[in-house]
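I have a structure I would like to understand better, so I am pasting it below and will then ask my questions one at a time.
Every chain is named by a letter (A, B, C, D and E) in the order it is written, and numbering of its residues begins at 1.
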Amino acid sequence: MTWDTVDIALMLGKIVFVFAVILTYAAYLVLAERRILGFLQDRIGPNRVGPWGLLQPLADVIKMLTKEDMIPSAADRLLFSLAPAMAALPAILTFAIIPLGAPVEIFGHKVTMQVADLNVGVLYFMALSSVAVYGVALGGWASNSKYALLGSIRGLSQLISYELSMGLSLVPVVMLAKSLSLADIVNAQADMPFIVYQPLAFAIFLVSILAECRRIPFDLPEAEGELVAGFHTEYSGMRFGLFFVGEYINIISLGSLASLFFLGGWRGPLLPPILWFFIKVGLFSFLFIWVRGTLPRLRYDQLMHLGWKFLTPLALLNILVTGWWLALR
Amino acid sequence: MTSLIPILSLLIFLPLVGALLVFALRQSASAARWLALAFGAAEFVLACAPLALDRQGTAQVGVPTGFFLYQDHGWIDRFGIRFTLGMDGISLVMVILTAFITIVAIIASWKVKERQGLYLSLLLALQGAVQGLFLSLDLFLFYLFWEAMLIPMLFLIGVWGTGRPVYSTIKFFLYTFVGSLLMLLAIIALYLMHGAQTESYTFALPALMHTTVPYQLGLWLFGAFLLSFAIKFPLFPLHTWQPDAYCDAPVAGTLMLASLLSKTAAYGLIRIAYPLFPEASRALTPLVYVVAVLGICYFAWVAFAQRDMKRMLAYSSVSHMGFVALGIAAWSPVAVSGALMQMVNHAITTGALFVMVGMLDERVESRDLSDFGGVWGKVPVLAFFFLIFNMASAGVPGLNNFVSELIVLVGVFKVAPAAALGAFLGSVLTLIYTVRLVQEVLFGKESKPTVLAEVSLREGSVLVLLAVVVVYLGVHPGPVLDLFKAPLELLLNK
Amino acid sequence: MSVPLSHVLIVASLMFAMGLACVVAWRANVIMMLIGIEIMLNAVMLTFVGGSAHWGIADGQLFSLMLMALTSAEVSLALAMVVYLHRRKQTVNTDRFDSMKG
Amino acid sequence: MTLTELYCLMPIVITGCAALFVLLCGPLLLSSSLTAIGVTASAAAGIWAAFTAPAPIQCIPGLAFTPLAQLLIPLFSFAAALTQLLSHGYNERRILKGEEYPATVLFALFAMCVLPCATNMLILFLALESVSFAFYILVSMDLNRAESGEAGLKYLLMGAVAAAFTAFGFALIFTGSGTLALSAALARPENRAIISAGWGVLILGMAFKLSLVPAHLWTPDVYQGAPSPVAAFLSTSSKVAAAALLLILLGHFPPMAELRAPLALLSVLSMVLGNLAALRQTNIKRMLAYSSVAHMGYLALALLTGSRDGYAAVLLYGAIYTAMNLAAFGAISSLSFEEEREQITDFTGIGFSAPVRGGVLALAMVSLAGIPPTAGFIGKFFIFYSALKSGLIALAVIGILSAAASAYFYLRVVAQLYMHRSEAPAPKPVGFAEGLALCAASVCILVIGVYPGPLLEMVESALR
Amino acid sequence: MPVTAQQVEFIPLAIYTAAAVGLIALLLAAAYFLGSGKDSADKHIPYESGVVPTGAARHASRVPFYLIAIFFIVFDVEGAFILTWATAWDLLGIPGLVHITAFIVILMLGLVWLWIKGGLEWGPSAVRERGKP
């Protein structure tokens, strides 16, 4: 196979496009969250910067960039600086394998709507979600502060616990699609989205990604009521910004994955594929925000019990049932 | 000839069964004593039984010539190890000697205070092992008994010993163990060589005698055997365990050590080492001469310097054993039969002396020469026996040691006159320290006055038994020497 | 395969040696020793994967997978012991684990 | 997998199921019934294996009921059963509660049953490591003593390094031969260097497991720290398992000639240094640890011969060593109070105040020293026989001299038991289970010592 | 430019990764240069709700946290085995299914055992279990 200039240009174009999409999306997701929460809590939310507050994200970025960049004296400087990047990077990298739409034909070249169609996509995603744990762990530990350490240890336990159920809930999906590639998984749902066959796996996955994002009701690592800001208590300026942005990009990428795994990704009638995709992702984003506005925070023991005593065994059983069902079908 | 009753196996297993029974009865000391004595007596009767048999016999298929009693059972087939027992004249004398000495030992330990049952049971077990050693015709079996002897002895010295028993017993054990392990290697090497030459892997002694051993290797193998036997003998300079063990052992332990265990080494040399490696043994004979003569003289000299009676006797014993070594080294019919005779006589004389020292020790609770004196006046019977046995030990004509030492000297003089002269010098030294011992104990002045009890019936019976043998062998050694004749011819003319 | 077998083996051996060096050099710290052991085992896995790529069979990868499981069990066990001893002695320094002498 | 094939692998199934059962139902059952279940399962596995004809076909990929398995599974089962019997009273005295203990012993046994059945390197390695894992746990089981935990960690760290070496060896052999199956993993001439490097690394790893000098440093600490019944199990079965692994490998493809010198060095160093170090010990468990180093040196000597006789000697010695060390550590464990009786001086006069246990300990010592008519003598005889037969005369002489020196420290224990006037506090009367175990071990020592024929035949047929 | 099938996927991924790293580095660098404010010693003290910190921050955590870490390591790797099977379940057929069923059952038994032994207990329930505050 050979690449010509068009191929390379298309590749670079895709990369730029993906960056544009996720950064914009993340920025406006922040705004959307604040507005929706305001709506849910019967207040207005930010509306001063630009029309309807649309320029608020820009203002936020400028603020973060110009804030003082502090490192506590007792902190481990290297790890302290590395941690935010470790938190944000996996979220961004996950997007590399997400197909935003059906392959299209441009200048006679068949272009997939994803940066890289890895044949081990699911593994890639799971690997990156494991790496994301380091951000929380190192951040809290490097701060050398009690709140931060408590938050990071909580976060660590929570993230690894739910990673387990998340990974296991994907096994039936892999079995149904007979592939680890995300594009194949989406194609396998041409007839029927997997949520129909695997409602249980979907439920487990949904709860798990909520916990992976450390969102309410699973925001124990940064529970502001008890731990100030949890593992990023000591962070300020752009470093905090990276944690912050990372969390929102994470919402987007995990939402995208949920829609890819269970809702058929870009597939849908009438509307163009890419639109369908964003509708589904938007749905998940909204769901996240809605949940945050609605549910109270769990207690820590409840959180762990849910993961270990409920989701993990259930996911294992689900695998068995799926296996036998597929074999005997 | 194989008899209907497996006498040879019985000779080994009777004492072992006795040991178990005595051990089971150990709670009641008197029952254990009498039972042990009964087993000892039964063993003695059994040991004498072959005297009544036709000992010429006719050669049978599978039975090596010269053995009038023979038993052969499969045991560990993987290695061609068989449970082979055989008895010829030499074994017969040794077996009777063992049975006799054990009876003496049992009677001598009538008064043991602690754990007597266990003590007697160990004595019987030791007897079983020694009998097995004298009877076995399979090298593996021989080795097995050779080492198995050590365990009862270890306990006898260690548990009931005096002085530094643990030190002495472990020293004794380690010395003999090192030697015997090297012998084990030599045995295996011989076995492998024989197997490679004849395709039949066996430990049978008669078969192994026909192995062709390269001269150089033979020296090494014979060296290993010689080392092992020399330690147990003990020959100068491998004797350092011996005074400690002899001194610290209880009476019966010393008796068994001096009278029987040292004989097993001599027996091993005669039965196994010399016939197996004729060339190598001839090459090393000068060494044995030197060691033997040095031993006779040096130990006699050292004995002279001792104040502790038991230690003195220990050195005296090993000095006398030098004659055995000398006789074996000469390896002529006369010399070897003298050596065998000396083994018997030494067992009885030295054993008797150790028993007597034990008696004195019991009475005075000391073995120091200066604590004794004027015994002749106080307890004449005891003193009389003491005198007799000492005279025998010194080689007074008419008593047993004179006969055997004379035969050895005669035999050796023919082949190595210098060695014979040296040995003669040694026996003069023996005379000197014996006279001194007798003089100090029986007639000298004691440092502090002591009251001595006369010999009891039990002690008397033992002493009379021993004395009778001493005198009998001194005046009429012929029958015993006759027993040695036929087997020695076979061994020497191999 | 694009990478020759010999290169894989050289890299794996180097990794193995480095892991071993880590174990030997940081004997004082249990965690560092565990890390060294992990490196050694990773070198082993690399060898297996390289070998199975060379021969075109999956057996080596299978072994690697099993090694992963083994490693995980081993590390979890080690961590449990470290936590236990740490709570008893307040250190992960092996020099302080000195109840036994002789 | 047919029913007959399952039939062959029943020991594995029995032990595995029993382990799971004990673990899961343990909280509901009494500790004595747990011991009973464990012992029954071990005995059942052993008896089943002993009376099943070996079938060389593969039952499950990687598993076959080999002749070697027919010998080793009963041996391991015997050790496991005795260990459980011994642990019963010991754990009560030392307040080691819980079903984890019997379950872990059974898990270890399960892995040991798998080991000789393995027909490929993966199963072999996994089985060996599973054995080690169970032992890591067992060693650190006694939470009442700091030594136990420390010993466990030390053992784990050393064991992990050893596992890395072993795995690297397997990896290189695999890379050189292109298959994991033992029967096919023959040296290809073009990859000779890789395979012999693999063998070298593998032997280093196994030197750790067998605790050969210079990889023996963990041994004394681990033996001292481990609960005594565990030390009994550890010092016997895990060593035999490691030796069996080497035997299996050697049976399929002998190592390169260039490995003889290093192996000989390992063997000599172990024999000499192990015995010398044991001379200095005052703690009986450490003494036994160094003695096991020396004994493994003898084993290595037999392995080194590369002959059938040598391999048979390894198996025989393994079986005998199992009986001896079970007796020794069993006696130590049954003599322990709430505290462990560890110093040699703690045993003064025990031979008379506790005749059975003292006698068993003395017998074990005599046997370890290799004095007839005990089994230890037969074992040593066979090893030195095979060494001489293969022409390793110098090694045999060194070995036998070191064995002679070793008699000193064994006898010191015997002397302490019987020949000292003062007396250590007498132990409580022996329990039924412990008494049974001790008697079984000592009967084995004596019977093998006097009549080794049947065992020799079994060993021979295991190598067929 | 000739590319292999692997490179088709990996080159974009590498460029993407580099771009992401670059973006983050850019942001951090920008913050470093643009960030303003006055430094003072008090600002470097860890935040403890306005109280001067006491004691070391690196306290030992409660045991359940370590337990979770240990359980995770084991279960995560077992998950790898399950995933391995899942990618080829149709090739392995019924025997494979039987094997994985046994595997999962034993894994779940392990989980049940942890549950029974209280390894999964947290907070109030764990305190009740141990019977002390």
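In the analysis below, contacts are C-beta pairs under 8 Å (C-beta built on N, C-alpha and C of every residue); 3 or more make two chains touch, one makes a residue touch a chain.
Since the structure is predicted, the reported quantities are computational estimates derived from the model, not experimental observations.
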item	value
Set of chains adjacent to chain B and to chain E	D
Those chains which touch chain D and also touch chain B	none
Pair of chains with maximal C-beta contact number	A-E
Distance-maximising chain from chain E - centres being C-alpha averages	B
Chain of greatest Cα-centre distance to chain D	A
Most central chain, judged by mean C-alpha position against the global CA mean	D
Centre-of-Cα separation between chain C and chain B, whole angstrom	64
Chain D and chain E, separation of their C-alpha mean positions in angstrom	40
Centre-of-Cα separation between chain B and chain A, whole angstrom	94
Gap in Å, rounded to a whole number, between the CA centres of chain C and chain A	32
Every chain pair meeting the contact rule	A-E, B-D, C-D, C-E, D-E
Of all residues in chain E, those that touch chain A in their complex	1-5, 8-13, 15-17, 19-21, 23-25, 27-28, 30-32, 34-39, 41, 43-49, 53, 57-59, 61, 64-65, 68-69, 71-72, 75-76, 79, 82-83, 86-87, 89-90, 93-94, 97, 100-101, 104, 107-108, 111, 115, 120-126
Contact set on chain E toward chain C in their complex	60, 63, 66, 69-71, 73-74, 76-78, 80-81, 84
List of chain C residues in touch with chain E within their complex	65, 68-69, 72-73, 75-76, 79-80, 83, 86-87
Residues of chain B touching chain D in the complex	75-79, 115, 143-144, 147-148, 150-151, 154-155, 158-159, 161, 165-166, 169-170, 173-174, 177-178, 181-182, 184-185, 188-189, 191-192
List of chain D residues in touch with chain B within their complex	352, 366, 369, 371-373, 377, 381, 384-385, 388-389, 393, 396-397, 400-401, 403-404, 407-408, 411-412, 414-415, 418-420, 451-453, 456-457, 460
